[in-house]
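The two complexes that follow have chain A in common; it is paired with chain B in the first and with chain C in the second.
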Partner chain A sequence: MSTVTIPKPQKPWKATPRQRIETGSILLISVLLAVLLVAVSPLKGKLGYVGAFVVIYLIIDYVVVRLNHGKSAGVDAFFRGLVTMAIGVAVLPIISILVSVVVRGYKGLHLSLFTTDMQNAAFTDENLAAGGLKHAIIGSILIVATALVISLPIGILTAIYMTEIRGKFARPIKFLVQSMSGVPSIVAGLFILAAIVYPLTKFYSSFEGSLALAILMIPTIARTAEEVLLLIPQDLRESGVALGGTQWRTVQQIVLPAARSGLVTALILGVARVAGETAPVVLLTGGGDGTQWNIFKGPMGTLPTYIWKAFGSGTEASIARAWTGILVLLVIVLFLFGLARFLGGRKVK
Partner chain B sequence: MSSSQVTERPALPAKRQLTTKPRFSDKVFRTVVTSGGLSSLIILGMIFIFLLYQGFSILQSQGFHFISTSDWNAVVDDNNVPVPSQSHFGIAAMLIGTLVCSTIAVSIAVPISVFTALFLTFYAPSSIKKIMVTLVDLMAAFPSILYGLWGFFVLMPSAVYWAKLLHKFFGWIPFFNMQAPVFDRSPFVAGVVLSIMIIPIVTSISREIFGQTPLDRIQAAYALGSTRWGMIRAVAFPYARSGIVGGAMLGLGRAMGETVAVYTVLNIVYQINWHVLLGAGGNVASMILMKFGEATPLEIKALMAAGLILFLVTLIVNSIADVIVAKSGKSGR
Partner chain C sequence: MTDESENPEMETHVQPSSLAGIASAAEGKKTPGSSALGVGLEARNIHAWFGDKLALRDVSLDFWAGTVTALIGPSGCGKSTFIRTLNRMHEFIPTAAMAGEVLLNGTDIYAPGVDVTQIRLKVGMVFQKPNPFPSMTIAENVLAGLKLANLKVENKDDLLQECLERAGLWNEVKDRLNAHGGSLSGGQQQRLCIARSLAVRPQVLLMDEPCSALDPGSTLKVEETISHLSSSMTIIIVTHNMQQAARVSDYTAFFLSDGGPGELVEVGHTNEIFSRPKDSRTENYVTGRFG
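Here is the complex of A and B:
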């Protein structure tokens, strides 16, 4: 019997030390050349450094790889560099946004932010501890919750129609829901003005804002819910019907419970979609400064209108307040986003 | 043996009627769900009808001039009552401004988004991919007022610097020319902010389409000795081309309807301006928001008409985009 030699597993796609040194030295040389170029040429500033580095790196990388491995490998290396740079360009604004919101917003953070409103305080007050966000947070919660009560049933019914009934309108409705998700938020606000405020109520209330937000929420909820319902195995529906259940019973007792966490995700994504929506609430709610619990009566402040008014006041103190408002809003949106991710992730397993 | 008696068999119960007719509860269920499902049609229809109803008198009195001229004059008499016959409303400058801003946005965002999608689909190791996908999705969840504030305070100083560079080195291109050195709040700045806002949606659609590239074609390309870029050029791009076009149009639709972010970074002027670096532009959605506060009843009717035009334009752009995206993936060999 001959001994069987087990070959050592090889990973030919992994970079060898020599290749690593090569890549590293190309990077290093590009950085050095970029610094040199900025020093001798009229280029200047961060943009000068980055631009010079990008161009020099791409050229050197292309030339080196081309000399070693031929033309098509050179082109490949060039585009690999370009594509990697693109991700940097795409991520840069996100980091800049997050950093600037935290840096500019944290100054205005204080505990009374959540216990006082702007009734007896001015946006332009130099003392950032005066006044708070209580009215805005309460208003945002009420307005979004009302919008949710309106849009959740409609959104889920739409999704059920597309996945369970699959009637002859299923395709057109899918198309319409897609189109609806592109309706500009200001148009939703104008529509409520045209259809409800001018002919009927003649005054502003947060309920009208909720109606406009519901229009923006329905497509988000319907599309997410549809995706979730499509993931429910067909076997479950068939077994429900085989046990003698009507379609209503099957959907109510089998399909919907199975999709529960996904539907919660749809709900959260809908809330996150409209929580920061500014244009329609500015048009419709009046944006009050006092705490207001009645959704049918009078102006109600929300986080977006608070930020909007603070930004509009234009002084240093009011703009600091706007950034603080943005920080609170962003934390809420991030929390909702994370929650949706968490629930959505669990659903897949 | 013959004594066994044939006993009467008990009568069979009446045969159960087999039918495909839905039961009562199902009829109710189907009616409710269908009416819920049709709500999107009803809402879209109502938006059209009510905006048309409110803006009809303006569209009738101004006619085609409403979209071909740029005057915005609400004439009032001594008692502050609007005089419709002397008032002129035209949104040509706003429409062209919207188009200019969103075109700038799309032309900046599409290359970045497509390359990002390529990186995420074909280059990134799975750990980096996960983080990046989350970050890009997160970007889509940022409220537009955040982009507005960030654009105004953080991005604008840099963008103005870029605009000055463009003017200095590419001033001979008519678009980048300008009479007065006013770089603040220009269509260029608004376009840059919008491009950042639409990067997530264009990226996620491109990524989805690239992800659907048939594996056998990818492997066939590699087996023929293709490099990664060669594979992308020969297989992924032809497959995903129409999907990318659709994604870009979807981004265009989003950019056209954006209100608050543009309002903060764009100086709105009632004059058609093709010089994208000059601090004067137009935007239908922002104009509505700006004018609305102090508008007379007649002006509000005109704003409704402007809203109707915006609604129709975005609806058409989005519908075309949806059709293209839905059809993509079937194309390309």
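Here is the complex of A and C:
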């Protein structure tokens, strides 16, 4: 029996040092040319540098690759460059926002933020440790959770109607849902004000705010859920029905479980749509400063209304409070999304 | 029926009673009515439409309990459409329409008031692509039909083992019943799907090209499974693989479409269809000279 010596695993498709130097020099030359261009032209500032760099890099890269490897390789390199730059353009603002929020918000962070509310404190108090976000955190979670409880079943059932039942009204409903997703939040707030608060309850409560948020959430959840359900192979539905299942049992036991992680995405997008909403909440809950546990009673503040009020006060201390509020809102939202992903992604045992 | 000169109309379509004649002519084979499983399934003058388009014209075929019938024919000749009318899956397509009768144990499954879920419990189906339910384990997949149809069984473990054994999968999966169905190979997945259809104890099993996505080894295993099952139920299998039809079936029906709706050209004992077909179109197809 002959023995074979196993060679060391290699990656011959990786860039050689020579190619890396080539790529590196294209980058370097582009940077230098961009600096030069900004110096001699009316282009100004960071944006000028970035813009000049992007254009120059794409041109040089295209020309060099085209000369070395031909036309189609040049076009390929050009679009690869363009896509990479586009990702940069999309991601930069997000990073910039995150950095600003952390840099400006961390000053106001202290433990009492989570144990006190603004009942006995002023936004303009120079001592940032005075007062806290307890009421706003509780309010945000209660309002969004209530809105979610209302809109998740309605949204998913709407999606089931559009994809599974495919009834006569599926098309008009799809059209309505699409147009509803463009409704400005203040309109949803005014609708609840006119339809429920003035004629019926005559009193502000966070439940009414949740109703307005639910109006905003339902289209987002319904559309995302619809797209997710459309991805489930028709085969699975047919198998369920062919095994003697009714349509509802097939949907409930096969289609929905198969779509679970996508439905969690629908939920996340729904929450993301409303977590930062301010206008309808101010309009309908009064945006209170005290801790309010009862969703059917009295004003309730949320993180966005806290931020709105703090910015509105206009002093250095209040603006610092607002940034802290933004930081806390971001962290809570990210935490909840992570949690939802974790729970939704887990395999069913 | 053995004398083709007396039956010129055989070329266009087969009369409902055709199989009885064929069977009596071929002694020693499985004979219709010889088993105690019932009269099986009878399709009478089935037409099927998608929208305005007639896809299947006037097919009448009898399937005897305890036999395997293979449906062969080129793509688009209506074989799949036909078997989907046999368990009322045809109506799952929104534009679908049909005419004709399908008698299961003598009762028309399209009669008004018939509970369609009950029909599908009695007439099971295995699809072309293996499709275990992704959110379920192997055991849950096999027993999914019970939950779907809201059936109660005394001993689920016994049923689970019985179905997996009948599908020829038990020895391969008995140690990992709680693994996901998707962790099996394609051939194992298809046998899992067969086990899944067996759990609700159908009298008839429809198989729509069950091996077309499988390698030869897995195909062989599925065919062995079919042979085992055929003693206890009626099996109707659509296949593009003529060797497969020859290996597993007692009867073979040849479907053809000349660009219009699909039609039944000829049906008979499998060995006769392959060795002495009556219709020249069947002969061209089974000898590979189709065109």
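Here, the second predicted complex is superposed on the first by the 238 of 349 C-alpha atoms of A that agree within 3 Å, B and C clash if a C-alpha of one lies under 4 Å from a C-alpha of the other, contacts with A are read in each partner's own complex, and residues count from 1 in each chain.
The working rule: a contact is a pair of C-beta atoms (placed from the backbone, for glycine too) under 8 Å apart; a residue touches a chain by one contact, two chains touch by 3 or more.
Since the model is a prediction, treat every value here as computed from it, not as a measurement.
> Touching A:24 in the superposition: chain B (first), chain C (second), both, neither?
neither
> In the overlay, answer first, second, both or neither for which of chain B and chain C A:167 touches.
After superposing on A, A:167 lies in contact with chain B but is clear of chain C.
> Give one of first, second, both or neither to describe whether A:182 is in contact with chain B, with chain C, with both, or with none.
In the superposition, A:182 contacts chain B only.
> Going by the contact rule set out at the top, does A:314 touch chain B (first), chain C (second), both, or neither?
Touch partners of A:314: none, neither chain B nor chain C.
> Chain B or chain C: which reaches more residues on chain A?
Touching more residues of chain A than the other partner does is B.
> Once the structures are superposed on A, label A:246 by its partner contacts, choosing first (chain B), second (chain C), both or neither.
After superposing on A, A:246 lies in contact with both chain B and chain C.
> Of the partners chain B and chain C, which touch A:322 in the superposed model: first, second, both, neither?
So A:322 only meets chain B here.
> Under the contact rule defined above, give the chain A residues that sit at the interface with chain B and also at the interface with chain C.
On chain A, the overlap between the chain B and chain C contacts is residues 246, 249.
> Given the complex with chain B, which residues does chain A contribute to the contact?
45, 47, 72-73, 75-76, 78-80, 82-87, 89-91, 93-94, 96-97, 100-101, 104, 153-154, 156-158, 160-162, 164-165, 167, 169-170, 172-173, 175-188, 190-191, 193-195, 198, 215, 218-219, 222, 246-249, 251, 272-273, 275-279, 282-283, 304, 307-308, 311, 319, 322-323, 326, 329-330, 333-334, 336-337, 341
> Chain A touches which residues of chain B in the complex?
22-23, 25-26, 28-30, 32-41, 43-44, 46-47, 50-51, 53-54, 111-113, 115-116, 118-120, 123-124, 132, 134-139, 141-150, 153-155, 161-162, 165, 196, 199, 203, 227-230, 232, 250, 253-254, 256-260, 264, 285, 288-289, 292, 300, 303-304, 307, 310-311, 314-315, 317-319, 322
> Give every residue of chain A touching chain C within the complex, in rising order.
166, 233, 235-246, 249-250, 253-254, 257-258, 260, 347-349
> Looking at the complex, which residues from chain C come into contact with chain A?
87, 89, 92, 94, 117-118, 120-121, 124-125, 127, 129, 131, 133-136, 144-145, 147-150, 178, 180, 193, 196-197, 200
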